[in-house]
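Before we start, here is the structure in question, set down as structure tokens.
Each chain gets a letter, A, B, C and D, in the order it is written, and its residues are counted from 1.
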Amino acid sequence: MLYTARCEEFQTEKGQQQAVMMLENFKIEGLVVIGGDGSMKGARALAQKGVCTIGLPGTIDNDLAYTDYTIGFDTAVNTALSAISNLRDTSSSHGRVTIIEVMGRHCGDIALYAGIGGGAEIVIVPEDPFDPLDVCRQIVEGRNKGKRHCIILLAEGAPVTSQELSEFIRKHTAMDSRVTVLGHVQRGGSPTSFDRMIASRMGAYGVKILMEGKSSRAVGIRGNEIVDYDIFEALSMERKANEELIELSRILSI
Amino acid sequence: MLYTARCEEFQTEKGQQQAVMMLENFKIEGLVVIGGDGSMKGARALAQKGVCTIGLPGTIDNDLAYTDYTIGFDTAVNTALSAISNLRDTSSSHGRVTIIEVMGRHCGDIALYAGIGGGAEIVIVPEDPFDPLDVCRQIVEGRNKGKRHCIILLAEGAPVTSQELSEFIRKHTAMDSRVTVLGHVQRGGSPTSFDRMIASRMGAYGVKILMEGKSSRAVGIRGNEIVDYDIFEALSMERKANEELIELSRILSI
Amino acid sequence: MLYTARCEEFQTEKGQQQAVMMLENFKIEGLVVIGGDGSMKGARALAQKGVCTIGLPGTIDNDLAYTDYTIGFDTAVNTALSAISNLRDTSSSHGRVTIIEVMGRHCGDIALYAGIGGGAEIVIVPEDPFDPLDVCRQIVEGRNKGKRHCIILLAEGAPVTSQELSEFIRKHTAMDSRVTVLGHVQRGGSPTSFDRMIASRMGAYGVKILMEGKSSRAVGIRGNEIVDYDIFEALSMERKANEELIELSRILSI
Amino acid sequence: MLYTARCEEFQTEKGQQQAVMMLENFKIEGLVVIGGDGSMKGARALAQKGVCTIGLPGTIDNDLAYTDYTIGFDTAVNTALSAISNLRDTSSSHGRVTIIEVMGRHCGDIALYAGIGGGAEIVIVPEDPFDPLDVCRQIVEGRNKGKRHCIILLAEGAPVTSQELSEFIRKHTAMDSRVTVLGHVQRGGSPTSFDRMIASRMGAYGVKILMEGKSSRAVGIRGNEIVDYDIFEALSMERKANEELIELSRILSI
């Protein structure tokens, strides 16, 4: 356990030189770094200093373009689902609009997956244009069709805060609205089978290519295959919105 | 399912007359009302209008003086415990002060039970005097003793908001501090064994005394016995702080 | 962590002398033993050899007469409840009799609590007379009233094994019957709030009376109060069947 | 809810004619059947009788060759993981060999995924040759390396029953061994995010191709893409052992 959470340190020249020295002291010949954007950049810096280093995508945000899934994402979504299930009880008994803000930085995947899986009426993600009046229209239409309440999943990277949206809804519909910000509850807990499995597969793969002499590679999963890219190339790939799922969340919420 | 959540309606003369009429229409001879303060008062009003009515304590807040436990409290505490367990992962890996705000209105029991069970360093409840500088002192002492991080359970009825406390801590200690407000996640989910058991016992007891012709009684649990009081008397009892548990939370956090 | 699970060793003269020696070596002046019947007897033996020793009731079985609840019981019941909830899905979709065998040695409390909380149609415990033909009669009556399936909670101490009962039911009713033996799944997992709370209270109480110079005491909970008895006296008390709950399980299963 | 669990009925000529008639009565123009092998064959029979019918793979067994994952599999594996986590507590405190038998009919995937994710020392599946003496050798080697206990995941389709294996181990090693058969606990419970997501995607896809006039198609997932095959073709594909995962379970158990 190295406590690298404060990535700033790991990203300075001094921090990296210290890391190289420590690895030499302990005669560590290869390194597998698990983390998000920042850890990956640190891994690449170490590789450039001659340490055989491989990166594994460890973040709940699922915001790395080169891999379909990051380690931790599935656990975070299941935690969000469990919260939605609890919140539905109060939301329906009180006939309210319930806004659930989930994490993901600039990526809407936690909101999208938890929204589809949890049967949310509306999902708001940064990857998809958003008009608050549209949201109000959907809420009122749902009400007219007999829906007693409404659950909205809001990604933290969306162009509106949960508090702002809640006030807007109270003003423009006849309905009461409440906010729950899930926060760091999503960044912990016992990992799911899916996360353990991709972590095990990526970890074994990472060790294998390290032993083959590779370095500065980012390991990921594409389709159902474990793959690896040059770290620099991997980090410069551009994430595309998952149009299939955005469309699916619309279809299922009707 | 009657959707009485908006208790205001149930507490008006008109609402109560409507209730009496409906009960007569459906030839319902006895009524068991489950709820908190508001529902209990409504139950008493119905009893005064001649409907045989019994009240059961259904609230996560555990804020009714006449009963050791209310139905829903144990489930809420277990939900809070599960959240604490998740939050501990980020709290310890980032070496932070993590403030977790839990519900309970004017009652600190959710914070107290979840704090003791979850191993919180500090528990702040309305029943116990509180000085923010004391809290900072405890945090710094813990840090000096080698504790990398600190978890604070804060009851919503405490004399400070979680946001205010977080800013105060950041200003008066060298540590970073984050807030999670659990919110309505605590008011839902599958009930625990303890809640199902006391609900079953109180429910059967309520039906039994209804059949014996009693009315306007509040059912509760004292020690491990099911008991009943006059609703008015029950609601006018004064809650006392649980000194044993407040002391216990202090001893265990050292 | 002392790995005392194999209590036989702890109950021999030689094992106890070794324990006394170890305690002296480490200058341990007082001991809190957590366990069931066997550990309690070992604790008493140590106390008789002059070591200040207190016993805490740690067993999922809830089979100690001197305490309302043992540490671990509530967690085991909640695990059983979660299993019942899963098993209900297959039981109802296949229209079967589902027999769930739970632990508890000679005590039926896990079966009784999980049965009441989980809405079992039939609960079979060692404390209550049992006739397999009665069980078949209840199943057929339920079927005639429109119940598609039937869940039976069977305590391991009951006068019939789950396999025998299943065959008897298949022979004497027109229904298919399946068995699930929960086993050691019940003896693990993250403890519930209730168990953490009584463990914390009993632990603090045990340390307090040790510091007051007491020894050879068994700590327990009665009503909602922590109490202590002489270990010998505590172990010789006779468990009584919980008639209220046995009756309750009958009422709720109609 | 049609209660088609007893697939025999759905597979007779009479049962199928009745189904066609009912669909006509209710003016249902298209049908999505969710189930395993048996339901799929019924779906194909209906399609041959002129009803537009699509099949979705719904079984915890993950035993259909044409799709990477079946709906229900991920939930079953996570339930097994949670049981392993509980069983580990008793297994390690008692220093035992713990054999956990999981479902999957002729397919070892639940055992394989739960074994890798749950850190089992040994995984026994029908797809991989098995020698009980090898298992004993591994247990003894583990013991010699300092492993206090050993967890074995056994698929129900393996060439040995859990009871037989347990007796063999007790006879050929110095260690105690216990069996837990998880049973139908695996076939229920709240679905995971992964299962909800593939079910939602396959469901929407199935409706889309029904509306395009397709029939007698089996919907599945390959890589991360939703795909469809002729039902007959899909059911005649041959499952291959997942060599990557079998190898991974060996590497991780060292």
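Quick note on the criterion: a contact is a pair of C-beta atoms (placed from the backbone, for glycine too) under 8 Å apart; a residue touches a chain by one contact, two chains touch by 3 or more.
Model, not experiment: these values are computed from the prediction.
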Other chains in touch with both chain A and chain D: none
Chain labels contacting chain B and also chain C: none
For chain B paired with chain D, centre-to-centre distance based on mean C-alpha positions, whole Å: 42
Centroid spacing, where centroids are CA-atom means, of chain C and chain D in whole angstrom: 33
For chain D, residues that touch 2 or more chains besides their own: 85
Contact graph of the chains (line, ring, star, complete, other): ring
Residue numbers on chain C that touch chain B, as the complex places them: 68, 74, 77-78, 81, 85, 113-114, 116-118, 190, 192-194, 196-197, 200-201, 204, 222-225, 244-245, 248, 251-252
Of chain B, residues touching chain A in the complex: 3, 5-6, 79, 82-83, 85-91, 93-95, 98, 178-189
